[in-house]
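Have a look at these structures, which come just after this line.
Okay, so chain A shows up in both of these, paired with chain B first and chain C after.
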Partner chain A sequence: MAGNHHPHEAPAPVGGNLFNGATLVCGVLIAIMIAILAVRFVFGLGAVTNLNDGYPWGIWIVVDVVIGSAFACGGFSVAMLVYIFNKGEYHPLVRPALLASLFGYTLAGIGVIFDLGRWWNFWHIFTPGYANPNSVMFEVAVCISAYIVVMWLEFSPAFFEKWGMKDAKRKLNKVLFFLVALGTVLPMMHQSSLGTMIVVMGVQVNPLWQTKLIPLHFLLTAIILGYGVVLFESCVAASAYRRRIEMHLLEPLAKIMLGILAVFIVVRFGDLLVRGALPLAFQPKVAALAFWIETLAFLAPFAIIGSPSARRNPAKLFLAGVAIMFAGVMLRFNAFLIGYDTGTGVDPGWNYFPSVPELMVTVGMFAIEVLGYIIITRRFPVLPREAVQAAH
Partner chain B sequence: MANTSLLSLELNDKIAAAAERLQMSRREFLQFCAALATTLGLPQGADAAVAEAVATKKRPSVIWLHFQECTGCTESMLRAEHPTLEKLILDIISLDYHETLFAAAGHQIEAARRTAMKANAGKYVLVVEGAIPTKDGGIYCKIGGQTAIEMLKECAKDAAAIIAIGSCSSWGGMPSTDPNPTGAVGANKIITDKPVVTIPGCPPNPYNFLSTVVHFLTFGALPEIDALGRPKFAYSRLVHENCERRAHFDAGRFAMEFGDDGHRKGYCLYKLGCKGPETYANCPTVLFGDAGGGTWPVGCGHPCIGCTEQGVGFQKPIHMVAKLKNIEPPLQYPRIIEEKGTGATLGSAAVLAAVAGAAAGAGAMVAKNLGLSHQAEQAEEAKKAGEKAQV
Partner chain C sequence: MSNRRNFLKGVVAAGGAAVAASAVPMAAEARETKQRPPEALGLLYDATLCVGCKACVAACKQVNENPAEFSTLDQLWDTPLDTSGKTFNLIKMYRSGTMETKDAEENGYAFMKTSCMHCADPSCVSACPVSAMVKNPENGIVEYNADACIGCRYCVAACPFGIPKYQYDSPTGKIAKCELCRHRTKDGHYSACAEVCPTGATLYGKTSDLLAEAKRRLALKPGTFATFPRGKLGGPDQSYENVVGNYQQRVYGESEYGGTQVLKLSGVPFEKVGMPNLPPEAAAAHSESIQHMLYGGLAMPLAVLGAMTFVARRNVKPDEHDGDEPKGEN
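Moving on to the complex of A and B:
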């Protein structure tokens, strides 16, 4: 996967010690998560979560799966830029972005199992006699599973390089173009389908988010989030490993992100106006407040990195990345939980707030991502090689 | 080859004649035949074959014997809710001997039986109603000087098919209840060299009898039977399986005594002793006794007594809880009133706040570091630019 057409620094392991404060904290959080999951898998969802009939899914689905997989769109967004729009100069960003995606999606795929009431039947969806091919869930499940496999293959050159499997790498390179194409189509399919699940829920979802265009919203924000995550991740990696930031790449990337973001905001508000749903945003309700927090977060990057000079400041790029990630989180939270009410007009009074064990499992999932990222970047060739390495 | 298209029979004269004979409209007659074919579980097209057979085939001669019984089987057939049912039965068969229905009596009727048997040897259908006493040489039931055993054996010898109607002739029924003073048994204990189709029930649904006869008429053979001789189309499912109250059983909602709240609401009658879980019969689908819409015992609020099942009906006390044959009640039942969830607790809000705080703090630190290094870089660049300018 190392650039064949553009001369770049080949990726190299960062090196350094795997035992430090960050990995220790991650390890503890993961241990807590495993303990909670053990209870969950033996005694059922009711034993650890606050889920009920009105809210059959909570933060495990919304955060670990829906938001987790949206955060993991960096790989797809950057790959699209590099391979579809032939912007080869972004190539050094591909592998780190892909790594984050790989973790995000693999954990999202595993995270779904936590939320399945009868989890031992999870294989049914892949079994022709059991699966229902007309279901949105089926599309999402099969598509995400396929994408996880594709991504591991896309990323496998990093392992082949590490273990010196030159033959395997050469063979894989021949079919890589196909995997890259699949790796671009599949996420577009299921990121929009995640939005379609809102459409399926009908009147139970507040009109601020219940729209036929929500699949498009989810798709556009997934792409934007992908770039936002790359900004965030590059800045954090540079800060944590004391490396130089690829400002010459992030700066134009941020510009592209703002462009797509502008398109999204036009689509979002155009849709609200056409449907006449905008007045709902001015009612004194929690949903309206959540809507404005989401909207302000989507607008924030224009204020933070609107000017070319601001885009040269890594601190501002980082903040813009955080703002976009927060906005994407809010959109999904709002559509799936805050703007969602089962009992609309019929059976009110359903409540949901995640329990402590639920929260700790989600925290643990992110801890796995961080720990995995640290281990792989320190031991496998992912980040671009640097002349002076001061890893510790 | 039997006809398989009901449409082709629309203008058939023989169908019209049969309908007229039965005082039905042609439409009702065809619908009735289709319903019969469906009851039998026959494939598509069989309805036409049934209609054609009923309309055109020569009526089989039937010898109907009565032994230890109450004549309920005959009664229920003659008093069926559908007024045409008995007409149809009496139309499709030639009833040559039936003690209840015949005007003749004594030696006259016995002579009629022997004549019919001789004339239709090897072709007539033998229907047995009532149990056969075996104790003391079978002396507890005699007709015209013959014991039931002798009479049954005599009639069965040249019969084309033998149908035992009702629980008594199927497995002994009510007369065989402990201590069984007459040693009553079913017909298949006496006739062991020929297959005996049993249609248990007290009384059995006339539809099940009629369907069996129509099957014989249409295809020249009796329907498929199980190990106990029962036609599979009627007795392969437990009453419990298709019961209209089954959802209440699964949800754990039971009537605990007659007239209580659950009983009034139509809950499951299992705890009142309903034998549905151990009784094979099609009562929930065709309704017991053809007594009219919804008026089968369970539909009326009385537990099934298991009348079709040997060892259950008349044997187990009516209110004794049934043995569950193919279903285990769940250990846990869903709640009737679901918990609607609570809001944030102190602990969960605190954890969420801590996570948010940690993320915000870490973000701020990273931003600060990045900002500082940016400032330093810019200062350095400015310094270099200044040095260049000086040079």
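Moving on to the complex of A and C:
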């Protein structure tokens, strides 16, 4: 039973001080967010957001939930590589990626509550008699909730190790394979369904994005984004904690990412050609411009890290990670906001741009993620153990 | 067992799952667009009969206990510019050039009613995750239940007519839209907009009867005189003589998204008066087809989960290192 017995460093806490410039900034941003949310819950969504009936969903949904959860696909993408494709050498990446995913998803789940106009009824979505299985949102909600639980369980060994709960860890280890399996299936389900959510909006969504293949687009790009985020996050963590970059892992990972990306590009343009929607990309319209920005961002990694020598350059891996994250953002923004137009209402139509308080809540959510990542990696065994630790 | 073989197994399992997941939306049986129930209730709005008096807007406000909305500096009377969280029904005006002729596309003007179309296959009902928006199986009225609603506004985003609206100015905001005055039927009333309409431009009745009435009007000769019912089709006779309008030969709502229970006639092309061009297949049918093919009976998720569990079972070697054991291997 060779399995994936690859020698690699066990995870260990980074250590160091929790009070520093970065955590202080995060703390302030989180405080601002809490103040804004207090106003939102007392006076309603209109008091702090620019949401309107032409754009009933703004950045709290599109950024915090749709994009936030896609950014959080690192855990799923890496776990699939390690456990399903048995690439054990990537094992050191699992815990850090899982941690980022855990935060991304948990906050996406909490972020939904801020946006729900009648949030006290949220439990209806899980309750037979209320729940509507025909609704794509029902599937997304149930699946994301289940995945959050699965991820906390998958990650719990980090806590068990810290607190010496060997018995709990041993018990969990026995069912870990099933959690891992669930942890790959659930994201496949809801990441694709997040795309399906625009299908019922019908003619209101520009045909550049309104396609029956949108679930496949969202699924493929979520996996690609997962690897892109790992590239990004590994480089950032390495530079912030002055650790060495796991180049021997990131280099082949980048190659895998490019492979799936190539598949996506073929599917994306094949679909546009078959449906005859491509001419829309050549109209002098904002949607067409947004489409090309999205497309160029998806193509950029081939230019940045197309060659093996470029893939050995950490700066280029980082750039490619950023490009692919931006591309994923654009696809989701375009499908939900820029490509969306009700076409009804008063001339000259509806407009939406997020208000400052709206933006500050999204920033605050991001700050929670960064703060949580810092606290947990410094205090719990997440990142691979290094000879010299806790430089800060 | 070699690493490579395990890797290949993973590739096969995950690849198979991915192929299944992507191929199915095009293959398996689709959810057909739903049709109106036989006893469907609705309205027929005839723009050529409408004189723009807005009695229907005022009556709708009154019976739904909605406050006035202002769009002018001197807040003298209710002047909403669109349906909203406080306005379920509105008459909008089309203007062109000199506005000389009523119901003329060029240099003319026309009216158009904006309110819930009560679709045969409503996007809002399909979208709603908590069954707060449901279609009555008998009369087909699209009903809203605020006690079930979570305020996610997916219905607002989904509706191609821009009808469900949300009350953003309230911490307990509800979704707001026309429910065809279903709260007034027990008192022997019907839709207030049709009750008060002086010209019969808004007519209440069974949609099948309204469709026949609409087709009768389309067959009349423009400019001649004909009899037009008012109020409720099949109710007390309130009919009167009026001039036949110069209709577009189309009943809006007959087939759009599988048909709607509110039907419309117009002298000006419908897309110019804010009625979108919709295909006969409902978006809800597309959405639910994908949803059911991927998740129907949970067959596909369970199959993929089985494959993943099988592979993971072989590959997951839990970390045995503990915090205090510097073994560093798994």
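The rule is simple: the second predicted complex is superposed on the first by the 382 of 392 C-alpha atoms of A that agree within 3 Å, B and C clash if a C-alpha of one lies under 4 Å from a C-alpha of the other, contacts with A are read in each partner's own complex, and residues count from 1 in each chain.
Quick note on the criterion: a contact is a pair of C-beta atoms (placed from the backbone, for glycine too) under 8 Å apart; a residue touches a chain by one contact, two chains touch by 3 or more.
The structure presented is a predicted model; accordingly, all values stated were derived computationally and were not measured.
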- Which term applies to chain B and chain C once both are placed on chain A by superposition, clash or fit? clash
- Name the contact category of A:L213: first (chain B only), second (chain C only), both, or neither. second
- Taking the superposition as given, does A:N52 touch the first partner, chain B, the second, chain C, both, or neither? both
- Query: Can A:K87 be said to touch chain B (first), chain C (second), both, or neither?
  - Reply: second
- Which of chain B and chain C A:V200 touches, first, second, both or neither: second
- Query: In the superposed arrangement, which partner chain does A:Y352 touch: chain B (first), chain C (second), both, or neither?
  - Reply: first
- Message: By the touch definition at the top of the document, which applies to A:M33: first (chain B), second (chain C), both, or neither?
- Response: neither
- Task: Please name the chain, chain B or chain C, that touches the greater number of residues in chain A.
- Result: C
- Partner chain(s) touched by A:Y130 [first = chain B, second = chain C, both, neither]: second
- Of the two partner chains, chain B (first) and chain C (second), which one does A:L371 touch, if any: first, second, both, or neither? neither
- Does chain B (first) or chain C (second) touch A:A327, or do both, or does neither? neither
- Item | Interface residues of chain A shared between complexes with chain B and chain C | 51-54
- Item | chain A-touching residues of chain C, taken from the complex the two chains share | 1-3, 6-7, 9-11, 13-14, 17, 21-22, 25-26, 81-82, 84-85, 123, 126-132, 146-154, 156-162, 165-174, 257, 274, 276-279, 282-284, 286-288, 290-292, 294-295, 301, 304-305, 308-309, 311-319, 321-324, 326-330
- Message: Show me the residue ranges of chain A that touch chain C in the complex, using the header's touch definition.
- Response: 1-5, 7-11, 41-47, 49, 51-54, 56-57, 80, 82-88, 91, 115-119, 121-122, 124-125, 129-139, 141, 157, 161-162, 164, 166, 169, 173, 176-178, 180-182, 184-185, 188-189, 192-193, 196-197, 199-204, 212-213, 215-216, 219, 267, 340, 342-346, 381, 385
- Listed in rising order, the residues of chain A that touch chain B in the complex are 50-55, 235-236, 238-239, 245, 313-315, 318-319, 322, 349-356, 358-360, 363
- Quick one: in the complex, what on chain B touches chain A? 338-345, 347-349, 351-352, 355, 363, 366-371, 373-374
